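Just so it is clear, A, B, C and D label the chains in written order, and each chain counts residues from 1 on its own.
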Amino acid sequence: MGRTLRDLVRFNRQFASGVILLAVVAAFSCLSFFSPYPPNDSFVVPPDVPPSWAYPMGTTSRGQDLFWLLSFAIRNTLLFGITVAVISRVLALVIGLVAGYSGGLLDRALMSINDTFIVIPLFPILVLFYFVMREHMSWGLLALMMACLGWAYDARLIRSVAMSLRTREFTETGIFSGMSTRQILVEEHLPYVLPIVFSTTMNNINWSIGLEVTLSVLGFTDINTPTIGVLIYWANQHTALVAGIWWWIFFPVALVVITFIGLFLLAVSMNEHIDPRSRLGRTGP
Amino acid sequence: MRLWRSIAALLLMGSGIVEAQAQGTISNLPRKETLIVENPEGTIKNAGWFNIWSINAGGQSTGLHQLGMDTFWYIDPQKGVDGVWDNSLASDKPIYNADFTEMTVKLRKGIFWSDGVEFTADDVVYTIQTHMKTNGMRWSAPVQVNVADISAPDSSTVVFKLKKPNSRFHALFTVRWNAMWMMPKHIFEKAGDPLKFAFDPPVTLGPYTLNSYDPDGKWFIWQKRPDWQRTSVARFGEPGPKYVAYIDPGPPDKRVIAQLNHDLDIIHDVSPEGMFTLAKQSKSSHGWFKGFPYAHPDPTLPAVVFNDQNDTFKSRDVRWALALLIDIKAVSMASYRGAATISAIGVPPTGSAPDYYHVPLESWLQAFEIDTGKSKIKPYDPTVGKQIADMLRPSMGDQIPTSADEINKSFGRGWWKPNPKAAHELLERAGYSKKGDKWFMPDGKPFAIKLMVEGEGRPVMTRAGSMITQQWRQFGIDATTVVAQGSMADRRAAGDFEAMITWSVETWGGHPDLSFFLDSWHSQFVAAPGKPQPPRNWQRWANPELDKIIEQIRQTGFDDPKGLELGREYVKLTVREMPTIPLMSYNVFTVMDDTYWTGYPSADKAPYTDPVPNWANTKYMMGRLKPRP
Amino acid sequence: MNGYPVYLLTRLGQFALVVFIGINIAFIVTHATPIDPVEQSIAAATQYGSTSPEAIALMRQSLKELYGLEGGPIDQYFAFWRRVAVGNFGPSLSAFPTPVSVLIGRALPWTVSLLVVSTLLTWVLGNLLGGLAGYYRQSRTLRLGGLLAMAFHPIPYYIVAFMLLIVFGYLWPVLPISGGYKMNMPRDWSWPFIASLLTHSILPILSLALVGLGGWFMGMRSLVSNIVTEDYVVYAELGGVERRRILASYVMRNALVPQVTGLAMSIGAIFNGAIITEQVFGYPGVGTLLVSAVYAGDYSLVLGITTVSIVAVSLAVLLIDLLHPLLDPRVRAR
Amino acid sequence: MSEQVREPVLVVSDLRAYYRTSSFGVEREVRAVDDVSLSIEANEIYGLAGESSSGKTTLIKTIAAAIQPPLEVLAGSVVFNFSDRRVDIHAVDRRELAAIRWKHLSYIMQGSMNVLNPVRRVRHSFVDFAFRHIGKPMPEFLQVVRNHLQRLHLAPDVLDAYPHQLSGGMRQRVTIALATVCRPEFIIADEPTTALDVVVQKGVLAMIHEIQRELGSSLIFVTHDMSVHANLADRLGIMYAGRLVEEGRTADVFRSPRHPYTAHLIASLPRLGDTSPKKGLDGAPPNLANPPPGCRFHPRCPRASDICRRETPPMTWLAAGHRAACFHPEPEQAA
């Protein structure tokens, strides 16, 4: 794996640019640990100052230094995306492997649930969920909820791989040598599926960040945790755009677009590397 | 390549369509004769429903209640066209008998419905009787609670017999934002169930009638009645605009853009920044005040409303401590960028209220003292208004008034001076303790407050809330802001909050009587914890002294000077008890564009009414608007 | 060949199951919300105006009766299914007594046409360009187009719509940014009305298309570049079959099969996008209705909209899936 | 057998075709076909044998001009002498190639199980491939196709079937029918029977033979199955590591292989009643990206000497119509 990654960085331009973009974003988010201001305090610097040497990204109408604020926001946003991705990967893996391996009734039942999640309009459900949880709607809870909604697409993919693995010889050998289903799935099948999981992770992070931004901008989240969406939310609250505080909109949007494109390039190039035949990048989880 | 050619062709065709669309925002009507107004209700779900007597079924401030409806009296939140009180459908003020169990109303003659039928006492009787008979209409409940009988001795007199004495019964028919509107008998008696009748097209009593509307609820266009002289506002001359369009212009950014393009004559409200942008970029746009702070102060009083049934806030010391931790200047800056009109007392600093309450009580406030147990302090700082003006002057320049009088009018007078030391002492007396940087409650748990705000619905209040939590946090209280977008009304009624930014005080604006909100503060209406609380005592505060004041007001006439005395007693009581922390008036950035129309109300030249266009009182505006020459 | 009927039945069963599960989730979530429609109505009715607490208590009682909110959640659950069965979701609680179905019926054509037009446009264009790009891999114009399509693809609908709003509403204000057609225009299907409809739909469609295009483009391009190496394509080339014919009947025709499945899988996501786009551009439709219904605590309406969207989306998926065997004879035989 | 002496239909001279790839910065050159010359007469069946990755399929692709990157032709020519024209197949443009294909030159591909478009009926393939050559209106054209199928003992209703509805053998027959419907002068067949079971294989071989007879076409085919060569080929070429190492009439080659590699190939064929253990060949076929110098067979050759390691042995005529590239050929075996 390490070697593959090194080769990818060295010879695949898409992968390399994806890594560079994400490295920039990650480095920026790490800056948040050195921020001189707590993220939620306002009016700590003069408001509405355009980008300058003192304030490289300007200051917001709430008197916050956008540079430092944005570093918090992108850190939280990335963490959010990764959390959703990790939880939903686990779900997708378990359900995909079990369904693909066992087949039959269990498979059909799991895939029906799976198809429901693919078909169901998520946005209304998430908005309703916000209304149920209200102020208990923390970042972590939203992540959990999104993970519960975001596994279906990839579970299907994993299932199809698992199905093809089931007919392979080593599975038979495993069964004859008395391995349990869990052992077969974990020891024999998992290694084949992991590369796919890895590339779908990037797409899933993209998807969840996208939804988080959308929900936050529309005001359906906890505004105490600065994320990219919450930042844009506040900018909209101050009609930053028409008030000429363009930097308040421009930098968060630019940064999140960089993140999206970076993750996307990684996903595409890794996917081509792992399996040139698979199709990628459909909208949705 | 052929592909490119076809793309180019498509683009060309597209730009042709765009070209054809670019001229004007409104089709088939002369822009010069049309006033375009924002309806803050947004998109109306059920656009074709004009039966305003059913609850919550269609739009209200779509022009329907401003231009189409009428009732006995209007009280103006400002000075009024001809005094604060206007006899609209009534020809005189309400006539009560001695014990307030009967109210007689004399009706104006020569008023006609838009379909040519004359308005008479029969319509009034029909309206009242329908509400008595039918449950679930908008005013069924107050009518059923109060009215025993109604009769019409002649076609221009109605007599209400009340179930019990009520000196404020006329308030039901006195417009402050809205009131109980009169129904056309000749239409509704043929319509069957009054709850299921859409009333489309509406037959109106106001000077306008419906021209057209969007089935998707984005716009409603009204047109001046040719017989406008047969309506109650004919006394003030012919309304200027031939057409009035109430539209949903979208979020604040879009409203600003629309007015910059002169496609929206009156913006209901924008963010302070949007207001500043319009003031800077458009010569023709202006607010209620000529310059800063622009906004119209509505007779409502945003405050930190505690849930006083919550153990934490049962203690007056805690409430006062929290008030002494607020730096109102910072809150004013954070919420309104300084364009707020602050008030230390429980009456909105708008309309005639300063003359009745703020000015006379100023010296009492300055002398007011609290004893923290360790020290005695005089918390009131009378110069805060001036301090805000001074703070703004460097960046805003001459826009900031210099005369004390104007400063008081624009920014308010004094407020509580931040006093962490006194707050510390008060909290300690209440059993709280500070360990390290953090405060702990008497039971040893960290002192945490969740302050609820409404979010996008009221962005300015959301900002004020996050500033206040920041100040509390800096003192060592674990305070956070909670956005209750959409669920605010519910949670407020259910008492499902610790503290919130909202208002439980609303006044007539132009009249010193406080019964409009105060009556509902009587402890008889305070709901048990967990049960829904009726408006407007959201803080669920019960106080025997207050009950006494309210009971006395009930027995006093509307215009009786004794009422004012009782009102001041209420103010002093709430200053001592601090059941809510009054902050400022709700300033609405109503922006008016002079490109097509002039004669809008304004603070200095023409304070004849409130410009905020969802108020039914804005019907008086139409008569003053003139096309720009 | 008894394959097709069996396939049909399985798919229909699956459809029913998906709809059932989906609606149940919606019911549970909706009824878990703490918002009380009666309180919302009272708040709306008493906002700003004069109120007396006694009257409010009376009002609360009569509204409860009027809205028919008595009975426990179980009763409501069964009542709800009875209503779903006859396609009547009862009266809306925030626009009482107008039936939910009337409100949805008014909004649905907007959303459906926005969805259908943008999806078809995006899918056809994305597949066409992607197919060409996969087949003519040397073409610079197609590469450039691909790069552009891909740049927009990973960005969420909201951000794209928001950027379009900034560009075409503010920086270069040439397109309408709110509403479905011009104010006061009679809906008479005359040319000016249609032109107005079209101009108002440009930005909503564009925001959906920009996000969607890249996905189809890339999917098709990589499919095509794989299919080009398949034996039957190589053989057709060796056989001197016309290139255009190869591209259309051999390459694209085979690549379409998975792309159609992909379309079915992504309809749900596109629907989400439509809701968001409606919000940004103030475009009439189910999305706008849904958000206002959620705010008003009108769970009859919320549930109605969610049910209709689940059924509509699953129906679209079902239709596409039923079409699938027509495209791929191998499925029919199975 | 035709006694008439005519110019050969196909002349391949000094053909050199390499796979050139560059992946992850590493340039690779696989010398799949190196300096191959051969010629094929009219009405002749030429078999090309050799183990897998000996370059035989690449050679046949190059002859068919089915060249796609990374395969490149570096040198040499492939010239066809058709009845009405003489064509250097690598020098003509697409349009002319399209005109020649199927009419003069047709191709039966390796893995022909999958050469039919899976989503369209068989009829469409016939139309796409042959319609323009036959130049008749559609109904008549379809009649021609039907007649052709019948001649090959195929039911005409296969035209209305989808490929997946046909068995492997059927598909192969349909493919052969498709390749021969325009009565081409030259047929190239790459492993035409590999994937079929023995019984079906036999039928298909008979069919190829029959149609070749009937049309009088020339046929070059590739298979690693020596028994097929023995049954079908008039002449046989043996390839090893990208080079032609021996060529002669099939009977001659089987009777008296001269190149040690051929000798080994033939010796390893099973014979009835022969139970002696077969001697295997040491080592593996060379890596064509980095072939050994001199004779490419020398590391495995029992007869190798110094010269074999230094120089590349030229093709030398050892008997009438029989040549081999070896410094130390096996002695000729008597008939």
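Keep in mind that, in the parts below, contacts are C-beta pairs under 8 Å (C-beta built on N, C-alpha and C of every residue); 3 or more make two chains touch, one makes a residue touch a chain.
Just so you know, these numbers come straight off a predicted model, no measurement behind them.
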Two chains sharing the most C-beta contacts: B-C
Reference subunit D; chain at largest CA-centroid distance: B
Rounded Å distance between subunit A and subunit B, as computed from the means of their C-alpha atoms: 43
Whole-Å gap separating subunit A and subunit C, where each centre is the average of the chain's CA atoms: 23
Whole-Å separation of chain centres (CA-atom averages), subunit C against subunit D: 55
Subunit B-subunit C separation of Cα centroids, rounded to whole Å: 38
In subunit A, residues with contacts to at least two other chains: 131, 134, 218, 241-242
Sites on subunit B at which at least two other chains make contact: 253, 257, 485-487, 491
Residues of subunit A that touch subunit B when the two form their complex: 40-43, 61-62, 131, 134-135, 218-220, 222-224, 236-245
Footprint of subunit C on subunit D - complex, ascending: 64, 66, 68, 97-102, 106-107, 109, 111-112, 114-120, 124, 128-129, 162, 164-165
Subunit C to subunit B touching residues, read off their complex: 34-36, 39-60, 62-63, 65-66, 92, 94-98, 103, 106-107, 110, 141, 169-170, 173-180, 182-187, 192, 195-196, 198-199, 202, 282, 284, 288-289, 292-297
Contact footprint of subunit C on subunit A as seen in their complex: 112-113, 115-116, 118-125, 127-129, 131-132, 134, 153, 206, 209-211, 213-214, 217-218, 232, 241-242, 249, 253, 256-257, 260-261, 263-264, 268, 272, 276-277, 279-285
Subunit C to subunit D touching residues, read off their complex: 230-232, 234-242, 245, 249-250, 253-254, 257, 327-330, 333
